[in-house]
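Two complexes follow with chain A in common, the first pairing it with chain B and the second with chain C.
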Partner chain A sequence: MALALSTPAVLWLAPLALLPLIVRLHAPQPYPSLAWLGGDPLSTALEVGLRLAGALAILALLLGIGGLHLAGQTTRQIGNGAHIVLVIDRSSSMDDSFAGSRPTAEQASKSAEARRFLRSFVSNGEHDMFGVAIFSTAPLQALPLTSHREAVLAAVDAIDRPGLSETDIARGIAMALSMHDDDPSAASRAIVLVSDGAGVIDRRVQEKLRAAFRKRPINLYWVFLRTANTRGIFEPPGAGERDVPQVAPERHLHRFFESLKIPYRAFEAERPDSIGDAVAEIARLERHPIAYVERTPAKNLSRLAYAIAALALALLVAARLAEVRITAERVP
Partner chain B sequence: MTLARFDSKAWLLVVALVAALAAALMPPLGLQQDVYDIVAVVDITGSMNTRDMGDVGRPLSRLAAARDGLEQLAAKLPCRSRIGLGVFTERRALLLFEPVPVCANFDAVTGAIRQLDWRMAWEGDSYIAKGLYSAIELGANLDADLLFFTDGHEAPPLAGGRVPEFDGKPGAVSGLIVGVGGDVKSSIPKFDDSGREIGAYRPHDVAQDNRHGLPPAGGEAVAGWHPRNAPFGAAAAIGDEHLSSLREPHLRELAELTGLGYRRLGSDRALLDAVHQTLRRRSLVEPTEIGVYPAAAALVLLAVLYGLLPLFSRAPSSRSKLT
Partner chain C sequence: MADLASLQSGPLRDLPYRVAWRARGVHAGAHRGTSSGAGGLFRDLATLLEAPDPRRLDLRASLRDPFEQLYVRRFERSTAITIYALIDVSASMGFVGNMRKLEVAAAICAALSFSARRIGDRFGVIGCDREIVPELHLPAARARAGAVVAALRTFRPTRRGAGGLVDAAAQIAGRRKLVLLISDFQIAADELAAVFEALAAHDTVPIQLIDSAEAASLPRFGLLPLADLETGRRRLVVLRPSLHAAWQRERAEHEALLASLAARYARPPFRIVDRLDWDRLAAHLMEARG
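Entry: the complex of A and B
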């Protein structure tokens, strides 16, 4: 509960409120002799009361003009959810459909489909906080972890614009990890990686990622958008093919993630709908007790202040109307 | 006894009362408010790391100055304006998020602005003109006005100094090119692969001349010219492309070509004024509390009543009543 003013500068005028304490509003009336009139507590109270009413009217008007309000509050609540960084592939292959061709009327691009399902994922996660990182040739942090749903949706919307050329998954994940580093809360954390390909991760980079993952508990989900006629992440290589990252980078990235010994799930989506299934599953899994901040909006009290001023003024007007003038002939 | 005369003081009181009542009871009025739809695209190429902004005691890189300017602008925009953010390197702009209402998402927007970083750049090249054209396309796409923060340093230099053709309609997207940088050529910091600063760019680190495409007309006159082996002449290109300053003439030319405005990043107030002058306004009807006007009137009346009148009416007018 904190009272605040939008324009504190009005307080410079606050000394105006002293005027009614100094200046008498009703006309002084001459009277032959006051000596025989004794002290009258009622009159004194009336006098003080009217002066205070004047001061109150001025002060209340000032506060109302200054935008008196009850400051918005944030209260901590416990809900279900997690802090999730979405790491989204924006390589140019994401602009193609699942069939591996230019998007058509029936088949939207992979990025458009991903966008559709991620939107519903973000809108449904009531108490989740989201961050968005995109990666291609370089990782870019689109939005730090935030609870502003509208901004997250706007960042998700931006993903189905033409992408850049390559896929550097390792740096994308490193970016997501550093975004979690910037968030000091004790919430349950997750990274959701959405990509349609993988690359070979350098041995040294692998070690760095391993170390970074070890710093804090973090859940990893990989939604792999599999284009028709490409390798899956679960299939062993065919006969006569060498089982090396250069031949099957997706499968080896999957094995690398498994070797991290962290909670990790991979989803292979070959159709748009299976993105939806994967995302729904992630939403179901990422429901941990989480402290979230609920904001109560500021409450404007200007009207209340004006009403108080009006009341005080009404009192003064009433006193004025009740005032009588002692005329010469009536003096006892 | 008679009732007191209903004099000017009483009238003042009654009018003040009416005004205060009006302030307390008046419903909000739907007032027209002008808001802006902006997509801000920030140049994050290497030359933006040049520290020639800020003051002597606290030099600031151009990128940091652009971030500060944008953040302060976001804080001063009319509340329901929308702002989106993109970055530019190489030859195109990449959108980070679409325009969102600025007040409702303020910490997300400023958080995203604050983490704009040269490390996001995916290529070292900086084709400003092409990047600007792609940013204009982005603005047209989003139906938003463009704020393009750049120092105008083309790297590599434009071939033959010719500005690439703009194939859009000039003025179809309104907006501002915001020039960031100093007038004096300064050295550009250089970073290694892990992002550590390792000195400054030197003459041989950058392309001093663009020798792709056709040689300029009249190239035969250059020393050592040979039509096949040395169409640009035999001499190595020399220049000071490794130093950087704000290329204002180039940016003004681009602004003219594309129908955008040009403004140099100065005080945040100036940027806001330029936004007011250049960008399209969208009118919204916003319920606005206007109780402050009658309340101010009531306050003035009370000030007159308690302050001015007693000053002037020191005259013994009321004293002569007993005659």
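Entry: the complex of A and C
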């Protein structure tokens, strides 16, 4: 709770609030002797109460004029979710449909389908923090880890812009890892890799990734958007084909991920719906207690101050109206 | 409403009074005295040796005496008494509700002055708050009290306390006098007792001025900001039936105290509520008690 004033200078007038305590509130009527009165607690309480109401009214008016507000603040809370970096393939093949052709009215592009499901994924992750990295030949940090939902959605929206060039998964993953490194919190972490292909990862790069993954536990999910008539990640190579990364990069990437000894799951999506299933499964798995920071915006309390002042003034007016005179036919 | 006419005390307003005790003193007056003299009420017979006044020789009584002594009639000399009006002019007497208390007191003084002068009694006024107020001090005399009555009418009471009444009692010590103690008797209990004790030697008639606006005719509910005339203390009072009842109890207690003090040292108090009923006051003053 941090109360603040837009115009703190009004506090110079705060001593005015002492006025009701000093000046008399009523025009007193002469009375022979108040000795009868003794101590009447109700009367005393009301007298004190009215004076305080006067002081309160002045203070509240001053605070109202001064623009009392509750300063914006951040509170830490515990929710369910994870810090998730979406690593999205922006290679030109993502602009094709699952059938491997130009997108048509019936068949949207893979990136558009991915966008659709990722949007719902982002929208549903209430306490998740998302970062977005996109990669083709070179990775690009679209958005660092953040809890600003609109920004994340905007970044996700951008993935169906026309892509370019090749697929370099290793650098995308490395970027995601570095984005996680920038985030010091103890939340559960995940990388969701969305791609429609893979490339050969250099052995040295593999070692680096292995070392990076060893540093911290990160869950890895790979949503592989499999275009029709291409190799799946689970399929062993056919007879007469050599089982080398150059021939079946997806399969070998999958094996590389499995060899990392981290929680890893791969989803092979051949239809748009399977992306939804995969994403739903990821959302289900990534529900860990997470400390998240909630921002509360500044709240204007002027109205409240005016309301309090009005109440206090109403009390004073009521007291004034309830005032009676000693009823006497005055002697001239 | 106190009609002003009732307070007008022209030369016509007469306030008769009577005392049941025998006045001491040498001045001839209208009351029974202790000294015997030539005129007035027959008192007794005395031998000529005891009362050597052969002009009052009672032949019939002398002849009836087998021892042949000569008897003389003795008569009570009617004697003048001294009347004092002791007026409390402390601040509480300045309250103006349904009457002006000092106006009433002044009217009583004027009437008493007139009556006393007519029958040869001496009349004095002492106005007191915490001490005797010099401009309201008229030592007893057979003069008219017009000046002091006028001063009383215009007096603005401001000071508190009733200590002056005790001083005044000391001033008028001596022969028994008729003393009208005019006050609202809103005096602290110990001070009140001191006043009555100091006046014990005299024939004291407490006259209590009560303004119904002070209590009886207050509204049942409401906020009443009050300022104590005596102390200047300000209070906001939440009027309500329970508070009225409490006040009533307090007042009744005070009245009871006043009544018990009066029973011990003085005549029963005469209450003037809002307006002065001259006939009742006269009846009260005539209803002398030893």
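In this section, the second predicted complex is superposed on the first by the 237 of 332 C-alpha atoms of A that agree within 3 Å, B and C clash if a C-alpha of one lies under 4 Å from a C-alpha of the other, contacts with A are read in each partner's own complex, and residues count from 1 in each chain.
Please note the rule applied: a residue touches a chain if its C-beta (ideal position, glycine included) is under 8 Å from a C-beta of that chain, and two chains touch if they have at least 3 such contacts.
Bear in mind that the values here come from a model prediction, so they are computed numbers and not experimental data.
Q: Would you sort A:50 into first (chain B), second (chain C), both or neither based on which partner it touches?
A: After superposition on chain A, A:50 lies in contact with chain C alone.
Q: Tell me the contact category for A:40 with respect to chain B and chain C: first, second, both or neither.
A: Only chain C is touched by A:40; chain B is not.
Q: Of the two partner chains, chain B (first) and chain C (second), which one does A:323 touch, if any: first, second, both, or neither?
A: both
Q: One more residue to check, A:238. First (chain B), second (chain C), both or neither?
A: Touch partners of A:238: none, neither chain B nor chain C.
Q: Of the partners chain B and chain C, which touch A:306 in the superposed model: first, second, both, neither?
A: A:306 sits against chain B, while chain C stays out of touch.
Q: Just to be sure I read the superposition right, which of the two partners does A:137 touch: chain B = first, chain C = second, or both, or neither?
A: Touch status of A:137: first partner only.
Q: May I ask you to decide whether A:184 touches chain B, chain C, both, or neither, giving the answer as first, second, both or neither?
A: neither
Q: May I ask you to name which of chain B and chain C touches more residues of chain A?
A: B
Q: Thinking of the overlay built on chain A, is A:23 touched by chain B (first), by chain C (second), by both, or by neither?
A: first
Q: Both chain B and chain C touch chain A; at which residues?
A: 25-30, 323-328, 330
Q: Please give the residue numbers of chain B that touch chain A in the complex, ascending.
A: Within the complex, chain B contacts chain A at residues 1-5, 9-10, 13-14, 16-17, 20-21, 23-25, 84, 87, 94-101, 104-105, 107-109, 111-112, 115, 117, 119-123, 138, 141, 289, 291-292, 295-296, 298-299, 302-303, 305-307, 310, 318-319, 321-323.
Q: Flag every residue of chain A that touches chain C in the complex, lowest number first.
A: Residues 24-38, 40, 42-43, 46-47, 50, 319, 322-332.
Q: Give the list of chain A residues in touch with chain B in this complex.
A: Chain A reaches chain B through residues 13, 16, 19-20, 23, 25-30, 54, 57-58, 61-62, 64-65, 67, 90, 132, 134, 136-144, 146, 148, 150-152, 154-155, 157-158, 161, 164, 300, 302-303, 306-307, 309-310, 313-314, 316-317, 320-321, 323-328, 330.
Q: In their complex, what parts of chain C are in touch with chain A?
A: It is residues 1-2, 4, 91-100, 103, 184, 186, 188, 211, 213-214, 217-219, 221-231, 233-240, 243, 246-247, 250-251, 254 of chain C that touch chain A.
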